[in-house]
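Following this line, the structures themselves.
You will see two complexes here that share subunit A, one where it goes with subunit B and one where it goes with subunit C.
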Partner chain A sequence: MADLTSQGTAGKTPDTTDAHEAALLAYARKKKLSPFLYLPVAWLVFVILLAVFAPWLGLWPADEIDWVALRVPPGANEAHPLGTDHLGRDMLSRLIYGARVSLTVGFAAPAIGVGFGMVLGMAAGYWRGWIDEVVGIAIDSWLAIPGLVILLLFALVFGGSLFMVCFSLGLLFIPTAARITRAATMKFANREFVLAARALGASDLRILVREILPNVIWPLIAFILIDIPIAIVIEGALSFLGLSVKAPTPSWGGIIAEGREYLETAPWISLIPTAVMFTTVLSFNLVGDAIRRRMADVRESQV
Partner chain B sequence: MRYLLRRVQRLAIVLAAVTLVTFLLVNVLPGDVAYEMAGINSSEEEVQEIREDLGLNRPVLVRYWDWVTGVFTGDWGQSFVNKEDVWETIVHRFPVSFELMLLAQLMALAMAVPAGMICAFRPDSTADKIIGGIAFASVSMPSFMSGILLIYFFSLNLGWLPATGYEPLSEGLWANLKPMLLPALSLALVEWTILMRTLRAEMISVLQEDYISLARAKGMSNFRILLGHALRPSSFTMLTILGLQVARLLGGTVIIEQIFGIPGIGRLLIHAVFTRDYIVIQGCVTFFALVFVAANFLVDVAYAWLDPRVRNERLSHG
Partner chain C sequence: MGEIVLDVVNQRTAFATGRGMLTAVSGVSLSLERGKTLGLVGESGSGKSVLARSIMGLLPRAAVTGPGSRVLLNGRELTRLSERELRPIRGAEMSVVFQDPMTSLNPTLTIGKQLTETLRFHKRLSKAGARQRAVELLRSVGLPQPEIRVDQYPHQLSGGMRQRAAIAIAICCDPDLLIADEPTTALDVTVQAEILDLLQRMVREHNMAMILITHDMGVVAGRCDDVAVMYAGRIVEQGPVREIFHRTRMPYTAALLSSIPRISDPAHRRLDAIGGRPPDLIDPPPGCAFAPRCKHVSDRCHRVRPEPVTEAGHMYACHYPLGMKEPA
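On to the complex of A and B.
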């Protein structure tokens, strides 16, 4: 994914020979982008705040059943602004508590994957040789299994706790993170400043942490930005299949799946979480893309 | 030749690793098949007997070896739950999933190629921005969500296409295709964006080559330049992606077949996972890996076919 998108953005930069003109263009693009970004940033801040402060918002408990208000459409009952689901549970409350699951997985899984992938990739790219070979084969094998299959197996083996969902989803991001790190490490492993550090008697570990890490961290941050929405989407798919966090705990994908049966009579049960999840994922994509572009601009201007 | 051999060798190692890892993972699944088969009121001896029948009391590695040698002779084992032959079930179910994937990929290409060409022709134009925006929105909409929306609009509100179900090809082509259209579309709606972006990026650089300028100077129409001269050299990366997408599509079918009630290999896997039918899980995963490896090998071959330079270059390096 990562190299794809970076190719995509590389294609977007016009090949102008005039550096000044290119800088002006970049500036204009930045200028034009920013007002467009207020909306997604505002939405994300809104969702994150709601999720963080959910217990203090005076919401209905997410799994409490309101027997006199089954399948209330949004806006029909003042007590339930977004209506209720087929069991009479408050939609707004379930959505907000569902956001906690989605956001936790969205931030934790890529971080876990990048953490492991970075170590593997740096080792492979720095020492090469058999370490590189073994890591390469491991990555290829890992990539040969469809991600969902890995998740299915892990969900069954390790059960549906939030921690395990984050962890097994994080594993999916290891191969690409390792590849990116490996390529970046190889690029820097023979640069003058690394040679200088080695000549001064620095140990491998010190070189890796002090000299190489600060250089390979940037593409990895860009990678995490791409992966946040991906992780949210995959968690959604998993909970849609009923293989994420256990049942009474609300999650966006789970609510969408539950509402599938009632698409005809109570479409809002599926459609509202679909809209919320779409908006959130789109916002993360837009914000991530903008940050990555700016990072690319900054790095280009420094070179 | 040496290049191909090395590639095959690598693929064999990959397959071995994949099967071993799944075998080990599946074997630490909680819940013992023997217990479930014996029923709740069975004695310890009965459970032990079933375990011996299935060969479950032997060490994992021995069982793995048995299973691998079986796979090569076409014996993929029998389902613990319904005693059906695993290989036969897979062969019976796969064409359904294959049709779904093929249809999805065709739809994705039908959207991606024209869109990518329009975008590459005038980068940063209004059309480029609009298509880019649509692609951005489209990639933020995972297939299970677009599946729900498609069912809601096209099946429930408009009543054009069925929401679920499957008809074999023997019922007629249209009858077979009709229930496949929405599931294929919901898969394609995610995949096309990646293809489109790749094609766009590559075509932008191809369009700056000298031979394109020459074609332009000769007065050739833009349409002919794009289709006749630029498309083929621009589609290499897209082809690679097409092969890599097979893995994603296989994963996608698992969910889509579940939503739309299509009896493909994805549903077989989910069902096996929920009934802990581990020999079927093992078979499905192995089959997925085989399909993936085969797809990527085909991409390599297609590469050489499209561009003789690649073939020669690789041969001389290999």
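On to the complex of A and C.
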């Protein structure tokens, strides 16, 4: 009897799940990345690969001076395909090594900010009470200090190491990340499945990690996607002001700043890194938007 | 008399609100034997769910428990235990099935994960052992293709299947007490009976005691041993199902019973609804809480709260019980 019924339903259910999955696949195919997105994705993959494998590409050392080739325009010298700067350093090499700085900051700063912000936001949103108030006051006071002042202070006190740049920039992302997490945590902390978990004997820590974290992670991923290009731009601005990594180390903003004085005689020194940075930031924005849109679609279709 | 699993003595639960103390449960006592099912009936806001949460110790922070209130599970007093001491008891000795399996299951974890987490925590099973047990449990609650379902997420299951999975999670560690808080309210009418049958079977197979919370007297009729009718935070009538249905004493219970449509009713008959609303629990009236809505009300009902009277296992709180001669 029991066998009969389970057989009867067994015949049906796989069809419905198959149909469901087929529909999802068809939907996913329809919503596939538009060809317009292949370019930014390809560009980002290209830049990331170059940055990661920079030491093995047989490039000129980024700070080696080629005395016989000062301010060579792109294409004029086979040894320097993108030309050289005012000190005869290889532009291609400096750009690729500069990409390492920009990308490191671009990924690390939002990650640091979201890491700290998530912990604070989850604690505040879950336990409420005095923890919430303390975190709230801390965030509000943090926001009351202009970001630029914080960055300047860090740069002056701790100097331009890459870690300090990532860390100080990351600090700026904490308040927003904490607020997003707190709001999402509060929404999920009152859900019945959290009560159900407590009814099954789960501890607070377990509830936070297993029940709440998987639910609040999505808005945070979206937040990181927005912050990557922002961090790259801010790092560029800091380099331009000479507040990022120290001088011989190349960074996109730094190269742009150095080329300023030669805009009339050797415009490529500033223009090439500007174009590269523009393309990279635009690509991150386009790809991030597409991913966020997909994420929203998937979550809506499930819930 | 069988072994007493749950004993609730004079449970009072109040909430601090902006307007004052709201007494959601005021002085409820009940006890429950192994293998028995108690139907806890009442309309929304009567305190059923707060009572259930008081038993589990899952009250919100704003809640205050009365000084004389005691909850004993298997003879052990839960009221004095700390959160840390309660954790190994929750899920293992007492467990809950919630109203809406859509919200009581975590949408981001597979059914299997949610089952094995509890199994591993309480029973210290290995990963593989917990998974095997999870599949067995899902099969025992009648989930088709448990080997496949165990790796699926709640949204991939229908409402009835989700509730089956939630029941499997609730009973996975063989609790002595299962509280089912309106377990079929959120489900299709067609699967409600199946879920209630399943709960009954689980009570039998696992030899548990169950509190079945509902607002539907019809649900209680065939499936419970005893009924407790709650109104405004108090149990107003309690006794064996047959007794309550055939010798209803409290007009509120009678009103609940006559609000069930009967198949023998003539077509297009108006259902008897209970007029009015439950009383304000922050500033309750001095007399019987049901007096303003009662058909048999007298002046005395408004002034004096009726004390519970027990005769032959049938408890009721009413000055003018139905089916009795008028008191002198």
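Rule of thumb we're sticking to: the second predicted complex is superposed on the first by the 270 of 303 C-alpha atoms of A that agree within 3 Å, B and C clash if a C-alpha of one lies under 4 Å from a C-alpha of the other, contacts with A are read in each partner's own complex, and residues count from 1 in each chain.
Here is the rule we use: a residue touches a chain if its C-beta (ideal position, glycine included) is under 8 Å from a C-beta of that chain, and two chains touch if they have at least 3 such contacts.
Every value quoted in this text rests on a predicted model; they were computed, and no experiment measured them.
Within the superposed three-chain model, A:211 lies in touch with subunit C and out of touch with subunit B [touch as defined at top]. By the touch criterion defined above, A:200 lies against subunit C but remains apart from subunit B after alignment on the C-alpha atoms of chain A. Contacts of A:191 after superposition on the shared chain: subunit C is touched, whereas subunit B is not.
Of the two partner chains placed by superposition, only subunit B is touched by A:263; subunit C is not. Within the superposed three-chain model, A:148 lies in touch with subunit B and out of touch with subunit C [touch as defined at top].
Residue contacts after overlaying the shared chain place A:233 against subunit B, while subunit C stays out of touching range. Of the two partners, subunit B and subunit C, it is B that touches more residues of subunit A.
The interface of subunit A with subunit B overlaps its interface with subunit C at residues 10, 14.
The touching residues of subunit A, when paired with subunit C in their complex, are 6, 9-10, 13-14, 17, 20, 129, 191-193, 195-203, 210-211, 214-215, 302-303. Taken in their complex, subunit C has these residues touching subunit A: 56, 58, 61, 86-92, 95-96, 98-100, 103-109, 117-118, 121-122, 144-145, 148, 153, 155-156, 166, 169-170.
Per the touch definition, subunit A reaches subunit B in the complex via residues 4-5, 7-8, 10-12, 14-15, 137-138, 140-141, 143-149, 152-154, 156-157, 159, 229, 233, 236-237, 240-241, 253, 256, 260, 263-264, 267, 270-271, 274, 277-278, 281-282, 285-286, 289. Contact residues on subunit B toward subunit A in their complex (touch as defined above): 10, 13-15, 17-18, 21-22, 25-26, 28-30, 123-124, 136-137, 139-142, 144-145, 148-149, 151-152, 156, 194, 197-198, 200-202, 204-205, 208, 237, 241, 247-248, 250-252, 254-255, 258-259, 269-270, 273, 276, 281, 284-285, 288-289, 292-293.
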